[in-house]
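First subunit A sits with subunit B, and in the next complex the same chain sits with subunit C.
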Partner chain A sequence: MSLDNILNHWSDYRKGAEEGGHHDYEHRWAMAINLDLCIGCNACSTACYAENNLAVVGKEKFEKGQAMHWMRIERYWDQQELEHPEQGASFLPMMCQQCGAATCEPVCPVAATYHTPDGLNAQVYNRCIGSRYCSNNCPFRVRYFNFYSYYESSWPEPMEQQLNPDISVRDKGVMEKCTFCMQRIRTVKDKAFMEDRKVKDGEVVPACAQSCPTSAIVFGDTMDDGSMVSKLWKKHQVERGIYQKTKLAKKDADLRGYRIFEELNVDPSVMYLERVREDI
Partner chain B sequence: MTMVTEKDINEQIAWAKINTDVLKSMENPRPAYWVTLAVCIAMVSTAVVAEYIQYTVGMGTANLNNPHMWDMYIAAFVFWIGMSHSGTLLSAILHLIHADWRKPIYRFAEAMTTFSLLTAGIFPMIHLGRVWNLYWVLPYVSDRGIWPNFRSPLVWDAFAITTYLTASMLFLFVGMIPDLAICRDNTTGWRKKLYGILALGWIGSDRQWRHFRKIYLLMACFLIPLAVSVHSIVSADFAMSIMPGWHITSFPPYFVAGALYSGCAAIITLFILLRYFFRFEDYMTLPIMEKTAKLTFAIAMVWTYLNLIEFASVWYGHDVYNKELLIAKATGAYAWIFWIMLFCGSVLPFALAFRKLRRHMPTMFVVSLFLNLGMFFERWMIVAPTLSMSQEPHQWDIMYGSIVEWAIVFGSFGWFGMLFLIFVKVFPSVSMYEVKEMVFHRKRSAGEEDLARMTDHAKPVTQTTGGGSA
Partner chain C sequence: MVVKNRLINPGADFARAGLAGMVLLVMLLMSSTAMAVKYDVVPPSGTHKGEDVPQPIEFPHDVHVKDNDINCMYCHTYARRSKVAGIPPTSKCMGCHKVIATDKPRIQELTKYWENKESPPWKKVHDLPDFVHFTHEKHLKTLAFDREFPVEDVKEICAFCHGDVENMTVANKVKPLNMGFCVNCHIANKDLGAPGDCWKCHK
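Showing the complex of A and B:
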């Protein structure tokens, strides 16, 4: 955000999300997660740890709520009052929703989190000063803060050998979150550029989607009409932008698609497909 | 109906006695002073140790976790910023509306403003994950052309607080110049040198007074919008977010009212302490205390009203997140804090409605402390419960601060106490020249009243405060 940028593009800058924001998007990466297929195995979360150099904080800090799982499986009981097998667990994989009208972005005092032309909420670790305002303003609570320095404890020798060289290891005092595996997107985009072609659907696969045993997670570009994710979004009548119909307003039971907290108008990039139940 | 009104100050008090009394308060302190100062310094040292741990180990030592990214540090920050407001109320707003009863008590209130801002400013710093990059919040000239994010309320905070701190420090200093000259003329040694420099060659000439009046009035006018805007901007930290319990339209006036409230309560506390320890009974008189207490009571009712507005709009707004949060505040894990806050903030101030209690110093002292306890809890109830119970139910959590966090918050009280204790021994905590002015004007207007009665001319009695020489 340079001064030139502010002065020259002030009107663009002021354009609200309802007018489409001021972005000229190249891609708009999005997901469709079928909760009917999710078995709550946590493979996605584990894959995320391996791919993104997430610190393993240990049991005590986990209990304190200081864990760093960018991808977490939220478990809810259908009927809390019943005993275990009858309770009916529901699982919800939750990661950064890469909102189109993200609430984390305007509040960062140093603009460490910003919107990329890919439609992602990028987090610049080197710029972050750790005011943690972004996390406070995130309705999904998917931003994780490095409360400690984990390098020594999380990757003792020779564990540091397995760190992913494509992505940095964050030190204490910095906010981090799911990037939709930006390093993989980058690699594929670079390759496509070198070969002078467009990115093909299915070419970018984030670690969570790759590791999902039931293929519950579908990833792709919603600006590419032929992509799997676009088709799914269309099929379930979920659209980009704010002021969309919430799921409850849709009459058809086959339209299972919804975005979490649609009523907050944050325009998330993740569509969930409601779980199909036998009668409860 | 005629009412016998007590005089705010004894008009017959001699100017020389004012000088002597106030200068006496700056003489060598008694042992009790050194003990209190030592306690304050010990509190600060504890906080420094705690901050060292937090700095080297990480913010996790404060028990902060995923939903509770902010906690007591921010509550304390809002509390201290709030406390700074009443100094400005007394010194600037009451100056403009010619309420001259403020004169004997505004100096220490203005000092309180400056020191509580100095205390408040510490919290946003130590609460940063990477405090060494603090200056990135400021729009300094960077060779990479990188600017702060002007949309962020935290950046507005940085501007608002530094401006307010600078302005209130200058206001405190400028208002003290004639007094510093008195100090210069009555001291020897290092004090004479110090006051000599600070008095800026004040000789009390007509021209100097004229300039002084102008600049003082100008700064008062400048400071009032600042005071209101500072706490509105602090409230924007919350109101600009989308969190339930934070995203509330009435937050700016609510914060300003709360700020004036806790500030007035703190003024009462310090009023009683100074009156007792420095034997300022002639200046910090009971009628002035009564006026301060009435002011506090009025502000307390405004605060209560704004609270009720907030509850009502949440209740009838039917926003599910806000409503559930409000119910959780009143009945959940933090309910005891919520009810103590409402009791101290809205019920206890009714003690100030009774003349007998207003004039009973020990009661007033205890009440004022409890009012501020309520206001501290209020700040905490703003920050923490929202984070405990935001929109995402999976991340609901109850958290209380660790010993590190408590040590730093306690230390902030020591820091404030230390600064204030040093101030009262180095600078006159009662404005000598303005008390003289007050005595002079009161005497003159009383004389005019007599004259009017004698000559049977029913002309209105006007009190003039500006322009005269003292």
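Showing the complex of A and C:
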């Protein structure tokens, strides 16, 4: 994108959810995560480390909050007042929500993060100057900053052989986050282009969804009405760009779908299905 | 001398210039219409002076392409099938050179590699940075196959980014292959579907 292009189309990328966001989408990738199925095993997180060349920072840096896990499992206790086995742990996989009206995008001083025609929040590492404004503006806290150069230190001798060549190894001073495995999306789109067809549902599988032992994560294109994801979104009556007071309005047990921080009107692309518990 | 003439006798010079201009204009029109029919692609602009890359065997591209009219995609067969064009395996060289030009010293060197079951350690000339995603197959599909561009002339498409390999011996990098080079071509060829999205190439 030339400077002219950026300046002329700036407003398009900055449109809010009420105005329909970035208007000419080719795809709108989305997820549906069934928390009833999530067992908190962290397989998704591990798969993400392997797929996306994430640096393993170690215990000390982790304590300082410098971990680089694009996908993390948040743990909550349903009944805080009870003792351990009865506390009722519930898990929530948290990654970049790929908001339609993302709060991280308008604050980047160099347009390193922007909205793609796929409905994703892209992060261009070469462009990033490391101001960390985006991370501070993200309500989900899912952007991670390279405080150190991990290139030499993090992967000792034979380990650098497992690096994924389809995604760059980020260096010090660069912000990074979940990309919905855009290298896999790109591969599939390239293949579809070569075969003169559209991308089929279920063809793109991100590393987290692939590794989930209970298939809690469903990934797909919400622009494709026949896809598993759009069916799930429709079934649980979650719609893009519309803020519904889900928790209050949906008494029906079948309507478990909600998006985190929907009230902030950021239009996240990840729908969670609430965990159903028996009343004690 | 010419400048002086122009000042003294502008009339004669105008007439000469006019004639030359007419000829030029006709030539330009002809070439532009020919271009329009043949390409309707705006080739990328920019030149670069690449360093010489010493190869294990001084491979003469000119002999193969210009003198013997071998298609680029005969040896670089993966260009139309994958991201990278690929360096042909030694077996492909030997397919011809078991019988052709076996008395030449370079071919004898190649045969030595072949008999030792080794491949010559060819060096990469056009190397893009690790953070760039580039596919040969998509470019070839859009620029050549989808427009029914004659396959025998495909070297003209290759020349967009690889220069006049036809007249080189060992290939040399003559195009900058930097971001501006790619982006300007993508903007100029928007109608062909060239994407302008950062994440199409950055990874």
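By definition in this document, the second predicted complex is superposed on the first by the 257 of 280 C-alpha atoms of A that agree within 3 Å, B and C clash if a C-alpha of one lies under 4 Å from a C-alpha of the other, contacts with A are read in each partner's own complex, and residues count from 1 in each chain.
What we mean here is this: a residue touches a chain if its C-beta (ideal position, glycine included) is under 8 Å from a C-beta of that chain, and two chains touch if they have at least 3 such contacts.
This structure is a prediction, so every number in the text was calculated from the model and none was measured.
Following the overlay on subunit A, a side-by-side fit with no clash is recorded for the pair subunit B and subunit C. By the touch criterion defined above, A:234 reaches neither subunit B nor subunit C.
Of the two partner chains placed around the shared chain by superposition, subunit B is the only one that A:141 touches, whereas subunit C remains out of contact. In the superposed model, A:132 lies in contact with subunit B only, and not with subunit C. Touch criterion met: A:117 reaches subunit C, while subunit B stays clear of it.
Counting the residues of subunit A touched by each of subunit B and subunit C gives the higher count for B. When the two structures are aligned on the shared chain, A:277 is found in touch with neither subunit B nor subunit C. In the superposition on chain A, A:183 makes contact with subunit C only, not with subunit B. Superposition on chain A places subunit B within reach of subunit C only down to 5 Å, the least C-alpha distance between them.
Contacts of subunit A with subunit B, set against its contacts with subunit C after fitting on chain A, overlap at residues 1-2, 127.
Within the complex, the subunit B residues that touch subunit A are 57-60, 63-70, 124, 127-131, 133-134, 136-137, 145-155, 158, 237, 240-243, 387, 390-395, 397, 399.
Note for the complex: subunit A touches subunit C at residues 1-2, 5, 114, 116-118, 120, 122, 124-127, 165-169, 182-183, 186, 190, 193-194.
Per the touch definition, subunit C reaches subunit A in the complex via residues 130-131, 133, 135, 137-138, 141, 183, 187, 196-200, 202-203.
The part of subunit A that touches subunit B in the complex is made up of residues 1-4, 6, 61, 64-67, 72, 74, 76, 92, 94, 103, 106-111, 127-133, 135-137, 139-141, 144-149, 172-175, 261, 264, 266.
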